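Before anything else, here is the set of structures, which you'll find just below.
After this come two complexes, each holding chain A, first together with chain B and then together with chain C.
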Partner chain A sequence: MKYLKVSNWGYSAQRIFIICAFSIIPLALLFTFAYLPVINMFKYSFTDWNGYSKRFDYVGFENYTRIFSDPEYFKVFIVSLYYFVATFLQMGLALYFATILSFKVRGKNFFKGILFFPYLLNGVAIGFIFLFFFKPDGTLDMLMHAVGLGQYTQLWLGNPNIINVSLAGASVWRYMGFNFIIFLGAISSIPKDVYEASDIDGANRWQQFRHIILPSITRILQLNLILAISGAISAFDIPYIMTDGSNGSMTFVIQTVHLAFKYGKLGLASAMAVVLLLIVILVTLVQRVTMKGEE
Partner chain B sequence: MRKNKGWMMLLTMLLITSLLAACSSGGGSSQAGEEISTDPADIKGEITVLTQRTDIVDTVFKDYAAEFNKEYPDVKVNFQALADYEGQVKIRMSTKDYGDVLMIPTSVPIADIPDFFEPLGTYDELKDKYTAIEERMVDGQVYGIPTVITFSGIIYNKQVFKDAGVTELPKTPEQFQAALQLVKDNTDAVPLYTNYASGWALTQWESDLPTVAGSVDYVNVDQPNTDENFVPGQPHYELYKVLYDAAKNGLIEKDPTTTDWESSKADLAKGKIATMALGSWAITQIQGMTDTPDDIGFLPFPTNASEVVVPLSADYNIGMNVNSENKPAAKAWIDWFLAKSNYAVEQGGGMDADKNAELPPILDQYKDVKFSTLTPAKEGQEGLVDKIDNEGEIGLWQPDFKKRIIEAGIGNRKESYDDIMKDLNDKWVKARAELTK
Partner chain C sequence: MTQLKYTLASVVKYASLVIAAFIALLPIVVILFASLKTNAEYATSSPLAPPANWLNFANYTKAFVDGNMLVGFKNTIIILIISIIGATLTGSMIAYVLDRFKFKGKKIMVAAFLLATLIPSVTTQVATFQIINALDLFNTRWAAIVMYLGTDIIAVYIFLQFLGSISSALDESAMLDGASYFTIYWKIILPLLKPAIVTVIIVKGVNIYNDFYTPFLYMPKTDLQVISTALFKFKGPFGSQWEVISAGIMIAIIPTMIIFLLLQKYIYNGFAQGSVK
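Right, the complex of A and B next:
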């Protein structure tokens, strides 16, 4: 009877009990909404399930052989290159603004707000904003006419050579705020006296950036880079909402969604999701290994 | 700390990727042939009706419920309107809670319908009463009855045709292209608006296939038994050639990728657009946007076939949830809705599924045109077209290859129309061989 009361247990037993009690809910949520679906996804990837039926057959590795034997499915990764290149622009801009705004600037908080704002917007809203922005005679064209660049206007989404640049541009606008806020946080954690010391030594802003800021935030830079690259591989929301992958803007994830919900090939789509997961893990590992070598 | 970060990254990615995989099956067992009492006094309960009509759910549907309650005072009817009907219902169908009465999503494979829906009667009982009930029929049991019967073709603005100097209504593809060219030369209107960006609007073209074929047998009977579905001279080739030629000759909108469905209706009504390929359901919506509704006309799709056949097809089919706890009440609502609401004509822009319904006045000029439903597939071939379509990832009822055709037409792609058709036909042949071996 004595042992039924928790307060009668020893210190370490109580500790274990409390740790377990507190972690059980988050673990249950994590399992239900993260691991269970992934386990199911692995299971479906070996079936020919159509998304509705109560019945499905196991087909072994057929879905995987199909993905790897048909170039159609992998061709779309070329589109990811646009987002990949845009990633560097996005990080560069974010780092630039974060550095400037970490020094004394007028209207600092106002600009911080403006830069972070796009990230708070709903992706669907952004899709529609940019649809109007890129329309013929839309906002962008009007803007260009106003500043005398009228002859350079294009069919921003209609021209297959430009469409991915336009979409990647919208994506940079949307996600830069996120990189920016992380950089800003990292830069603020650098002690003030380091700057003061460098001021006394006569360092200019560029030297401060090069020798104080950059080395202090390498870790965060790596993290952002990993996030950005896996983001580029799995680019989805902006092109899905704006063009639904048409006119040469198809990405791997849009293709997966189409296969699952337009053609009822949930098994094949799951296999593609698994492949994407493996690619992202692989890229992350490669990055971690190469980064480690530099340190 | 280092290790932890790596793990967190992995978990984050797992989480993100797992979002892709959230869908599972469900539903209850079917109890076919259960006896249902139809005496209004016996029927009581509360039912939920799902509808795709967000625009009229709080107005017209409320009135329907009031009318319905005069006959069935003990039934309480609730409505839920879903904006993305197809997508949201699909997810709800993995539980048992998807209303008592709902529109059967078109993407549910026919063979799986009995897992989700209650039969409304046998084909033999209902065939004399309703049109187009074959579509959602499994083993002689009818699971859905069309809420509206629509017909498809070209919707055009008569005033624009007059201004452009189109004196005779185009009947063949050549005459149609000539008419579009006249519109381009003589007016400011867009000759043929594709509604490329909305995607679904492009799928409307597929419903004109029987007109091009000149036969109600082609879609379900001939098509699944041919290896030459997309070759020159065949209906599919001729149908989409119209779209391709229009795109190639600059007879469509300037930038298809940024079209907007909602404003296209107003533009057609106002005469900024001459033609669109749509179903009749759009006519009432477009007429509602202009002071001169008589300017909006209907044209059978241009065809070289000897006989002009305009296909009658079913809009969403109304069905009953197999897990419903108030089946008699749900059945009563379905019967009342089909027989007495007049939804099809007033709200649906088409005709009642009732066999005795008359053609709407907009078709008065087409006495020589044959309006008919499609011949159902041969025994054992039900749903075969859809299966081949999905297996080959062709997408007869998806926008993808129509978008490809437009892109090729305006020069955004290197492939020609024949390349696209050949590719589609290769996929068709391969998938058909796979499924019929």
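Right, the complex of A and C next:
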């Protein structure tokens, strides 16, 4: 009986038991939902599988050649560029507000709360909020009329030249708070006496930002940049809910979802996903390597 | 001169904050306005105009009842609770093993968890879908639950970070008293991990509550809809009734608002800790 209780085992036996018992579930989940899909995705990408039929044929690199030769599939990369550019605006704003809210400001917590709050909102709710914002005679149009810019109102979501700017704008609204709060955390970890010392030396706010804050948060800045780049390539929620990819707002992920689940072109969709994955990994690796060089 | 420069900087600072606050709030405030307007009032008034009657909750009733939002809340809560408890346990268990023991293959395990962060989950959905299907989990709540558990590497990181700061002298003194490794985990490590657990609950909770992709793809059945998918369905039947859609939006974001106001401090910490690796 004594040996049935784990606490009566020797520590070396316990060790093996606990390592196995505590690892098995996390490892099984990691393999099933992180690695197995990737392996399968590579496999599917070389087939013409439709997702439900019992058999499928290997077609070599046919799916890949199609992605890179058919402008229909390649266009989505251009859409990502809008989100990518917007990312810089987003990070710039986040950094600006994080910096000024790190110093003495009236109503600090109020502004902190308001700037961060959009990030916590439900993605579908945000999609609807911005449908209402951009619709004809919606919030934006009325606001422009109110300030005398009425003649510049547009079909914000109907004009293919503008639609991605509108959608990327909504995305900046949604995610700025996330970068903001991360920067705020990083800046607040800088010891206070560094500022005091620089005050005594007569440094102004800009000099403090340039020589104290910026160098201290370089790593966080780079990390956010990686997240932003992969985020731009995998933009999905906002354009899917708002436009379903119409009027030239098709993103990479919307197209993948359409191909796989609407048109049953699972092989092709997998090939697109593989391309996306490779891009993200490449960007991350380049980033890691350049980061190492700087340290 | 310095005084003038200082005042000017201060004006720019406050002006930019006020403008930013306005931009952050306006899109939500107009939705609040619209949600309280009657159909006729909505049709004739500007979106920027406040409602005539601030207590007109008819749209809320309609959105809540006709939009089946109760089902959405029920499913969301069930999924949230199971996923969060599960993620806390599995995450802290693996972190305990990885931080406190030396064994063969440990490096590979750490690397496996690290490498997985490189894979954006949206890219692998097509293949993940087949796995969920093969496991017979499609159109069950477990589809979402196992995915929220399985893809969670952030939790492991947060726990690992915290464990590093808990002295292993504590473990050793417990061992002198004859405590088993499990007792050490359960009675010493887990309670000390409380701040990390709060962080995980917040970061995960927000992600799960707001996720649209997973329930939309894996649980299309009406009985299984969550808040996100319930709201998404408003697009059909209420397509042009913006006052009802607006009420639905408000119903979906009010819980977030309340929790944010109550837990502000923890939420800020949670996000700052959750993302700094």
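Methods note: the second predicted complex is superposed on the first by the 267 of 295 C-alpha atoms of A that agree within 3 Å, B and C clash if a C-alpha of one lies under 4 Å from a C-alpha of the other, contacts with A are read in each partner's own complex, and residues count from 1 in each chain.
Just so we're on the same page, a residue touches a chain if its C-beta (ideal position, glycine included) is under 8 Å from a C-beta of that chain, and two chains touch if they have at least 3 such contacts.
In this text the structure is predicted, and so the values were computed from the model without any measurement.
In the superposition on chain A, A:T256 makes contact with both chain B and chain C. Once the two complexes are overlaid on the shared chain, A:D70 sits clear of chain B and of chain C alike.
In the superposition on chain A, A:S234 makes contact with both chain B and chain C. Contact with chain C, but none with chain B, is seen for A:P26 once the two complexes are overlaid on the shared chain.
Within the superposed three-chain model, A:D199 lies out of touch with both chain B and chain C [touch as defined at top]. Ranked by how many residues of chain A each touches, chain B and chain C are led by C.
Once the two complexes are overlaid on the shared chain, A:S246 sits against chain B while remaining clear of chain C.
In the superposition on chain A, A:D57 makes contact with neither chain B nor chain C.
Of the two partner chains placed by superposition, chain B and chain C are both touched by A:T284. Of the two partner chains placed by superposition, only chain C is touched by A:L184; chain B is not. 30, 33-35, 37-38, 40-41, 44, 51, 138, 223, 230, 234, 253, 256-257, 260-261, 266, 269-270, 273, 276-277, 280-281, 284 are the residues of chain A that lie in the contact sets of both chain B and chain C, per the superposition on chain A. Of all residues in chain C, only 9, 13-14, 16-17, 20-21, 23-28, 30-31, 34, 46-48, 90-91, 93-94, 96-97, 101, 103, 109, 112-113, 116, 118-120, 122-131, 146-147, 149-151, 153, 156, 175, 178-183, 185, 206, 209-213, 217, 227-229, 231-232, 234, 242, 245-246, 248-249, 252-253, 256-257, 260, 264, 267-269, 271-273, 275-277 touch chain A in the complex they form.
Of all the residues in chain B, the ones that touch chain A in their complex are 5-6, 9-11, 13-25, 27, 87, 90, 93, 107-109, 111-112, 115, 196-197, 199, 254-258, 389-390, 393, 395, 398-400, 403, 407, 410, 412-413. Contacts from chain A toward chain B in the complex involve residues 30, 33-35, 37-38, 40-41, 44, 49-54, 131, 134-136, 138, 155, 157-160, 163, 223, 226, 230, 234, 243-244, 246-248, 253, 256-266, 269-270, 273, 276-277, 280-281, 284, 288. Contact residues on chain A toward chain C in their complex (touch as defined above): 6-7, 9, 11, 14-15, 18-19, 22-23, 25-27, 29-30, 32-38, 40-41, 44, 51, 93, 96-97, 100-101, 105-107, 109-118, 120-125, 128-130, 132-133, 137-139, 142-143, 146, 173, 177-178, 181-182, 184-186, 205, 220, 223, 230, 234, 236-237, 241, 253, 256-257, 260-261, 266, 269-270, 273, 276-277, 280-281, 284.
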